[in-house]
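What follows is a set of structures for review.
Paired with chain B in one complex and with chain C in the other, chain A is shared by the two complexes that follow.
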Partner chain A sequence: MMPFELSSDLVAALVFPGVLGILGFLVVAIWAERKLVARIQWRYGPLYVSKAIGGFLQPIADLVKLVFSELVLPRHTNRALFLSTPLALFIAEALPVAFIAAAPGLIIFYNPHGLAIAVVLWLLVAVFLVGMAWSEADKFTYIGAMREILLSAAYEIPLLLSLVAMLLLYGTADPYRVVELQNVWGVLLNPLAFLAFYISLVMSTTRFPFEIPEAEPEVVLGPYTEYGSTLFILSFGGTYVKLYAGALLGSVLFLGGWQPAVDTLSGALVTIAKMAALAFPLLILRAIYPRYRIDQALRFGWSKLLALSIAAVIFSIALRFAGVI
Partner chain B sequence: MSIHVKLFLTALKNLAERQWTVRWPEERRDYSPAVRGFIVNDRAVCISCQLCEAVCPAKAIKFHLEQDGKRYPGIDWGRCILCGYCVDACPTGSLRHTPQVEITWRSLSTYKFPREMDPDAVSVEAGGRSLL
Partner chain C sequence: MIAFALFLVLLAIALGALVLVGYLLAPKSPHVAKERRFEAGNPPFGEVKRRLLMQYVGYIYMVTAIEASAGLMVVVALWRGVVSLDVALALATALALIAIYVVRYLEKVADVKKWS
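Presenting the complex of A and B:
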């Protein structure tokens, strides 16, 4: 006899969209980003470790190397905060995943307003990031934190408005109901909201045209500068976890979730495929764009992006009155 | 909007490409017409102010006296990094880039400070293809 029943929420927490999914995404996304960007720039990318499978083990080797490297604790910092904030950041960035259903029955915490909770949790991450940068007490992290605050001022409202537009359109934040309502995918119902969401996603995960907080030539690694070893994995890997949560939320809200699959296993596979489709353009952005200045990003966020997201909300209300859903 | 689509298509095209090298000089890469290529000097406009020499970070530009009594910039192409600072600094716009990026010479004596940097007389021996 098994000591306990393997319930579906436990599977969701341990496999997908939980721990295994997040760690798997971390490894695959880092490898895919390096490899794809290298291909675009006529390079080979990681090849030293496991040449036969395209250097796929390179990020794992990097992780092992990071775990065994020395953890330096600066003397002038508050050590308890210095050690605990990366962990808090990583958890905060992974927490929205708990309220989003990845397949029928595959959800960690079911709540009838789950998607709204996930959105709010997602927007709270910037607070932890700034707290982390503050506790490091370093010039580069300070500048990085200021840039993060300014950038979140640029993307937060458009992101919230674009998601509110979709929740208004569906009239519910229930993670199952939202997918059931999408006979036509959300991206086709309200393309404006998708565009605003996608650009805000790029900004909130600080992918390349908006990679301003951790701009390497300017502020070393921004808020992540002081960390090494496992704390670096937790803090810097957190951005990929955020990307994972964003891709999951986007695929549920805009790409019809696990439709057309009906059972749990095939539903999870469909969701993974849709998440990969959402994350792929974000991974190759590094090879395509240069970096915006912070004032350019702010101007873009507060003019075009804000207008786009407000238009998305109005469009959603119009669709609602027209009785499309 | 169209520029972003074009950027993405270029990236995807590069991603799908299996062969990264070309059989030069039979095949050539496509370059943007705005590429910073071989730099030429229009002697009729040049006022010999030597600003280009002052801003050059690679110290590739030196001025030399010509027979008409004026001094003109000459570029050491072994040093030039094609950064374009001299073109930006030029107050009269006499220095300018050409789309020619394949800058090769057959002998050492010709690539260093070629006296013929004006558009009329220049000859870049890039695969036997003259510049202008």
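Presenting the complex of A and C:
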């Protein structure tokens, strides 16, 4: 039973959670990050462009500046790969969005195992990032790529196990059924799984305590070092797209998706509010935490975080046998 | 399916157009120094090579061993939608094995002093 019309999935592809949503999130997230971090550090943040609305147009101004800066293709790289890998990376980071429902009928590609597919696609992003860093052929990008591989070795297992914990509770990965089943939100049913998922989200989007691959004081910008101009937008902007996909997945898995709304429009608004609630705390982490070393992040991922996610799966099994869900 | 194709194509066109517009509009003044490999302001020297500590290979080994079993658990969780006793036991055994394996070797792998 799927409330499908031909037009609603096209709306999903074009507007939300599709292309416009992704590009809009880029602008809002970059602005919000700069503003929130500035607030914590007792600064004003961007104000020069459009002072009346709190410098909201600053990301647009940055975009225009980057479009008009020279596109340099280094001589030592394979030019076709150098040009195409950021594009592939951006699209790979947006792909999980296609399999998650943002409201009744608002899904780009329905599949009864959609959420599991979305997580697998999310884990594959690191492959594209490493490919991009390799095609740049630079010492800093090499170190960045190694750190990205190792960081994904730290969060992949806990992320998968937190997914297993929730799938055991729901018994399905259908993007609609999962939301319908959440009379009690997933975060309340299994808080351990939510915590493991959320920390894995911080790691996979390389937000602050784990901002190791692109650590500016150490490796310039890690895997993004060689890029400038518009290619920089595609490569570095992609991390925000990953955050967008992760927040959408988190709101569907743990925060009851579009509930309590029932129709498409209000459902989409509820989902946006929940995504913001998940994504904004990640944006201010930059002002709160210092940076781990890669070996500390690995040890953390394989000790506390792994234990947390194993406990989450056990807790889910116990809940099923206790007949709670 | 149409929507999915449209999503991918539109995204690719939007991103490609951004790069193309930038390429056409931005000034071009190529210089040999700009097109060199980035080396923090110095002329590039040596090969793109770094040492990889053996310590980290241990983590890669653990992740290749355990990720496949975690993937299998996703399949088991989706199998029939019900958690029967044998499924629960199998999951618990797998998790216990992972825990034992990690507890046994993590201390050795994570000890930086031993490896550097």
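Basically, the second predicted complex is superposed on the first by the 319 of 325 C-alpha atoms of A that agree within 3 Å, B and C clash if a C-alpha of one lies under 4 Å from a C-alpha of the other, contacts with A are read in each partner's own complex, and residues count from 1 in each chain.
Everything below uses one rule, namely that a contact is a pair of C-beta atoms (placed from the backbone, for glycine too) under 8 Å apart; a residue touches a chain by one contact, two chains touch by 3 or more.
In this text, all values refer to a predicted model and were calculated from it rather than measured experimentally.
Who does A:L231 touch here: chain B (first), chain C (second), both, or neither?
The second partner, chain C, only.
Looking at the overlay, what does A:A137 touch: chain B (first), chain C (second), both, or neither?
second
Report for A:A61: first if it touches chain B alone, second if chain C alone, otherwise both or neither.
neither
Go through the superposed model and pick first if A:L269 touches only chain B, second if only chain C, both, or neither.
Neither partner.
Looking only at contacts as defined up top, I'd like to know whether chain B or chain C touches more of chain A.
Tallying touched residues of chain A, the top partner is C.
Which holds for A:I288: it touches chain B only (first), chain C only (second), both, or neither?
first
Once chain A of both complexes is superposed, is A:A261 in touch with chain B (first), chain C (second), both, or neither?
After superposition on chain A, A:A261 lies in contact with neither partner.
If you stack the two complexes on chain A, which partner ends up touching A:L73: first (chain B), second (chain C), both, or neither?
It touches chain C, and chain B stays clear.
Within their complex, state which residues of chain A touch chain C.
9-10, 12-14, 18-19, 22-23, 66-76, 83, 87, 90-91, 94, 98, 108-109, 113, 116, 119, 137-140, 142-143, 146, 149-150, 153-154, 156-157, 160-161, 163-164, 167-168, 171-173, 220, 225-226, 229-231, 233-234, 295, 298-299, 302-303, 306-307, 310, 313-314, 317, 320-321
Give the list of chain B residues in touch with chain A in this complex.
Chain B reaches chain A through residues 7-8, 11, 14-15, 17, 20.
Can you tell me which positions in chain A touch chain B when the two form their complex?
Result: residues 36, 39-42, 281, 284, 287-289 of chain A touch chain B.
Enumerate the contact residues on chain C facing chain A in the complex.
Those residues of chain C that touch chain A are 1-4, 6-8, 10-12, 14-16, 18-19, 21-23, 25-30, 32, 34-40, 44, 48-50, 52, 55-56, 59-60, 62-63, 66-67, 70-71, 73-74, 77-78, 80-83, 88, 91-92, 95, 98-99, 102, 106, 109-110, 112.
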